[in-house]
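The structure follows.
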Amino acid sequence: MNMEKYIKKLETLKLSDMYENDFLLTWEKSDDEIQAVFTVADALRQLRTNNVSARIFDSGLAVSLFRDNSTRTRFSFSSAANLLGLAVQDLDEGKSQIAHGETVRETANMVSFMADVIGIRDDMYIGKGNTYMREVAGAVQQGYEDGVLEQRPTLVNLQCDIDHPTQSMADMLHIIHRFGGAENLRGKKIAMSWAYSPSYGKPLSVPQGVIGLMTRFGMDVCLAHPEGYEVMGDTMEVAAKNAAKSGGTFTKTNNMAEAFKDADLVYPKSWASYAAMEKRTVLYGNGDDAGIKALEKELLAQNANHKDWACTEDMMKLTKGGDALYLHCLPADITGVSCGEGEVDASVFNKYREPLYKQAGFKPYIIAAMMFLAKCKDPAKMLKVLADRGHARWLE
Amino acid sequence: MNMEKYIKKLETLKLSDMYENDFLLTWEKSDDEIQAVFTVADALRQLRTNNVSARIFDSGLAVSLFRDNSTRTRFSFSSAANLLGLAVQDLDEGKSQIAHGETVRETANMVSFMADVIGIRDDMYIGKGNTYMREVAGAVQQGYEDGVLEQRPTLVNLQCDIDHPTQSMADMLHIIHRFGGAENLRGKKIAMSWAYSPSYGKPLSVPQGVIGLMTRFGMDVCLAHPEGYEVMGDTMEVAAKNAAKSGGTFTKTNNMAEAFKDADLVYPKSWASYAAMEKRTVLYGNGDDAGIKALEKELLAQNANHKDWACTEDMMKLTKGGDALYLHCLPADITGVSCGEGEVDASVFNKYREPLYKQAGFKPYIIAAMMFLAKCKDPAKMLKVLADRGHARWLE
Amino acid sequence: MNMEKYIKKLETLKLSDMYENDFLLTWEKSDDEIQAVFTVADALRQLRTNNVSARIFDSGLAVSLFRDNSTRTRFSFSSAANLLGLAVQDLDEGKSQIAHGETVRETANMVSFMADVIGIRDDMYIGKGNTYMREVAGAVQQGYEDGVLEQRPTLVNLQCDIDHPTQSMADMLHIIHRFGGAENLRGKKIAMSWAYSPSYGKPLSVPQGVIGLMTRFGMDVCLAHPEGYEVMGDTMEVAAKNAAKSGGTFTKTNNMAEAFKDADLVYPKSWASYAAMEKRTVLYGNGDDAGIKALEKELLAQNANHKDWACTEDMMKLTKGGDALYLHCLPADITGVSCGEGEVDASVFNKYREPLYKQAGFKPYIIAAMMFLAKCKDPAKMLKVLADRGHARWLE
């Protein structure tokens, strides 16, 4: 097993700000830090593939708080925590009512006496999820400084209203491996496109996370959606700035075919519009159930106007060589399989099933890398320690 | 501590097919494989009793999916996973909606990136549970071959519509210990009998599992139930074939007293009839709630015609010497205790409480043995490694 | 790290009765045993602060059964179990129906085959919680003696109808640290006072636990509440006896101001009256939902007559130097924050937030100490073993 390249790579990166820090938005992280996450993720996978334990904790808790249903992110978080030696303790809202303000501060401290990591998914309401995470982060930071907590638990954003960093980073690492290195992505075109789904209200954090991250690699990132499905303006600005800096481009279109034209990668996926989600957040705040139901109906009708936004075989033919890499965060709404009409044709999905599954397989390692970099003062040295220790994960 | 006999025993058995394989039906396993499970279960218990850690995993996940309520199987699975060093992560359907087809394939892979074991209980619908398990097994096998999964998680059937192997194996190991060895069971009579319960729809997998396994040891296995409470024909065939091969017998009667007559062991337990369960599965498939309620009422009325099918003191007097070993998978419906009229008299139950609890106590070790044999290339050698390592489970 | 003082202290204490024993009521424990819990709690914290692993288990289960919602106790229990190397397995009643009698005995054994610890919270009904815990303790003791269980799991009372020992012990250790040692508490006055809350039916176990424990340290413990909010008579007797023996006092008043006058510590907290809770238990037993609703209404109305029982700034001015240490088990009903009118003014709460959080932070260590003392034959020696081993909890 050759860990040398990963260790050497890490040694060239400035990572001091990651130690004891959170991972909330990719665009708050430097290029070095983003690269470090990819490097550590690959290194941890190599350790595990070689049956070398990556446990840096003999005991400790990873607290998970999911405010939205989740299978893959839940298992990715559990896997990552377990890989590093932490036990997961769910903070189940059904069991333990959480609100805002004083309660957030208090609960954050109460669950953190022996917590090394806190993972939060809170993606339902615009302006809420990321704000909540920062409240929690502030609370545990204060608790740590006051001597209430003996360690400062690290926050990992498992999806908020703004970004979905563990998803976009997993997507990106998949792409990097697929194209044989980040250096080969320069000038490649990716279409981050809206697609029709018979459900409504899917979070915006995936497209926002993708344009906010993938514009950093010199790619031509094209965001496509029907009128009325705009994403948050702030994330558009981030994408534009990133593209300018990285030597790539960031464009927007209301034409799916235009986005797919000559694309090397396509990411067709449904989401709700920012405006609609804001409206819903207000209705929710007012406890206006009738209003929410009416909005839901209206949004489904709006969606239904755009059934032609689907990743069909014909649409795929427009892409570079007709075989762009198809990406999705899963589960996809597959026409004739999981729904009548949906985001993608079954034949397209089937062709790409294996890479799609592999794409998802990066997430546990990405999360583990985020934890690792926040918990190891000298990550390069720690990788060396683990490799040299050579403790078997599994006595096969 | 003398592990020698277990190790020597294992060395004589052909176990190569167990490695990286699943445990779904006892009758798919060779006699050597069945013996190996008993041997490893005993060995793991001896290790634990001697405070020697049996951890073969430094980290790793055991995924549990319970589609039916469970206390004892849930805790047995947790205990087994923990004994070997795995952390349990529940795949809660309430939390994470699972269906069939594409979704099964996808979910199976999504939860398995770092999963070493998957335990499934799915016993509610005829033709569904075991089929589902095979879908999952196929999916993770494909995922492993495609390089999606770095390891191939092992499936353990924690109860399906056809078999309940962890139960019947635990029952059997209990009997073996009770009678001082499998060789002493030849010619012993066991009555696997239906018994009245005021509830309805109990799975058939216990009686099916029992007749499918216990006919392999040269015993006289007598299946008794009122007319209309037939078990699956396939499992009857398995039992008949086993009996012929093992030199035992497999008989059927609609007379409880006949079954109890001179029995060395009795296993009186309620179950639903196969025909009724098939009907229910169809109604469920059609979403026919009214039909299900009507069927439920009908089945309870049918049950009530057979209140005389109870393990009373008088019935026990018919058994060999009046003191056959009473078996049950628990919880039993005890007359005057957990219900008005039920499967067993309180006085009979009370007399056998201690052996009943011991019977249940084999299950964690049986499950651990199934995991162990699927995860260790050379199980005999691994037992030796663990014994020699002598790592304390508990610094007392 | 100097563990010497803790080890020396433990060596002077008679602890033989703690081994393999439960922790159900503080007043069943000798002064030596109470001191041992404080000493081990401090020692375990020092180990953890110095990044030394306190794992005494390589594998093993800690079973948790919460019959009432809980965040902080749940996390404290998880943290304690994890610190010592145990995995938590919830016995969720929703998932696994538990009743009394035969079922308790059976379930207690079924979940304990590999359980080292069982933590139970059952505080809702007078006469039930503690009784239930003793049923469980009796069942596992019997199971152990019968050879059903290979180890005797230890019970920890995580709150019952009578006592809340992990809370009162954490409160007490906080006070000891705050005042620089138990010897400095002699003659200090603590007001354990009822306070108004807009909710109803809060358990009595906190005030009962506090007067039952704090009277053992030579303090002047004053219990204050409006007429009609009496606590269990038995716990009053315990408090009186303790005070007489320790050279402190135990007084009762129906005047909050009188209790606060010159107090060094105040613990203003809402609870339901014993009589009301008894009534509710009977109604619940009879399945009288209408009666329960009527009682609830009546109790809320009764509460509302005592809104002046609040820990206001003015009330605090009455205390010694105007700055008694404010205590609460959290969450508090804070006026204008978590409710309109409640137990404490926001300004008072804010002033004491940091010590309040620290108070809560003792609970995981108190629980771990209770487990440790029940699981280590020679706790002093075990602390030395852990310190000498010096195994890092976290490879930082």
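As written, the chain order gives the labels A, B and C, with residue 1 at the start of each chain.
Convention: a contact is a pair of C-beta atoms (placed from the backbone, for glycine too) under 8 Å apart; a residue touches a chain by one contact, two chains touch by 3 or more.
Just so it is clear, the structure is predicted and the values come from calculations on it, not from any experiment.
For the self-contact between chain A and chain B, the two sides draw on mostly distinct residue numbers; the shared fraction is below half. Rounded to the nearest 5, the angle that brings the Cα atoms of chain A onto chain C is 120°.
For the pair chain A and chain B, the distance between C-alpha centroids works out to 41 Å.
For chain C, the set of residues that touch two or more other chains comprises 87. Put simply, chain C touches chain A in their complex at residues 45, 48-49, 53-55, 66, 69-72, 74-76, 78-79, 82-83, 85, 87-88, 330-331, 334, 337-338, 354, 357-358, 360-361, 363-364, 391-396. Taken together, the chain B residues at the contact with chain A in this complex read 56-61, 63, 87, 89, 91, 95-97, 101-103, 106-107, 109-111, 113-116, 143, 146-151, 375-377, 382, 385.
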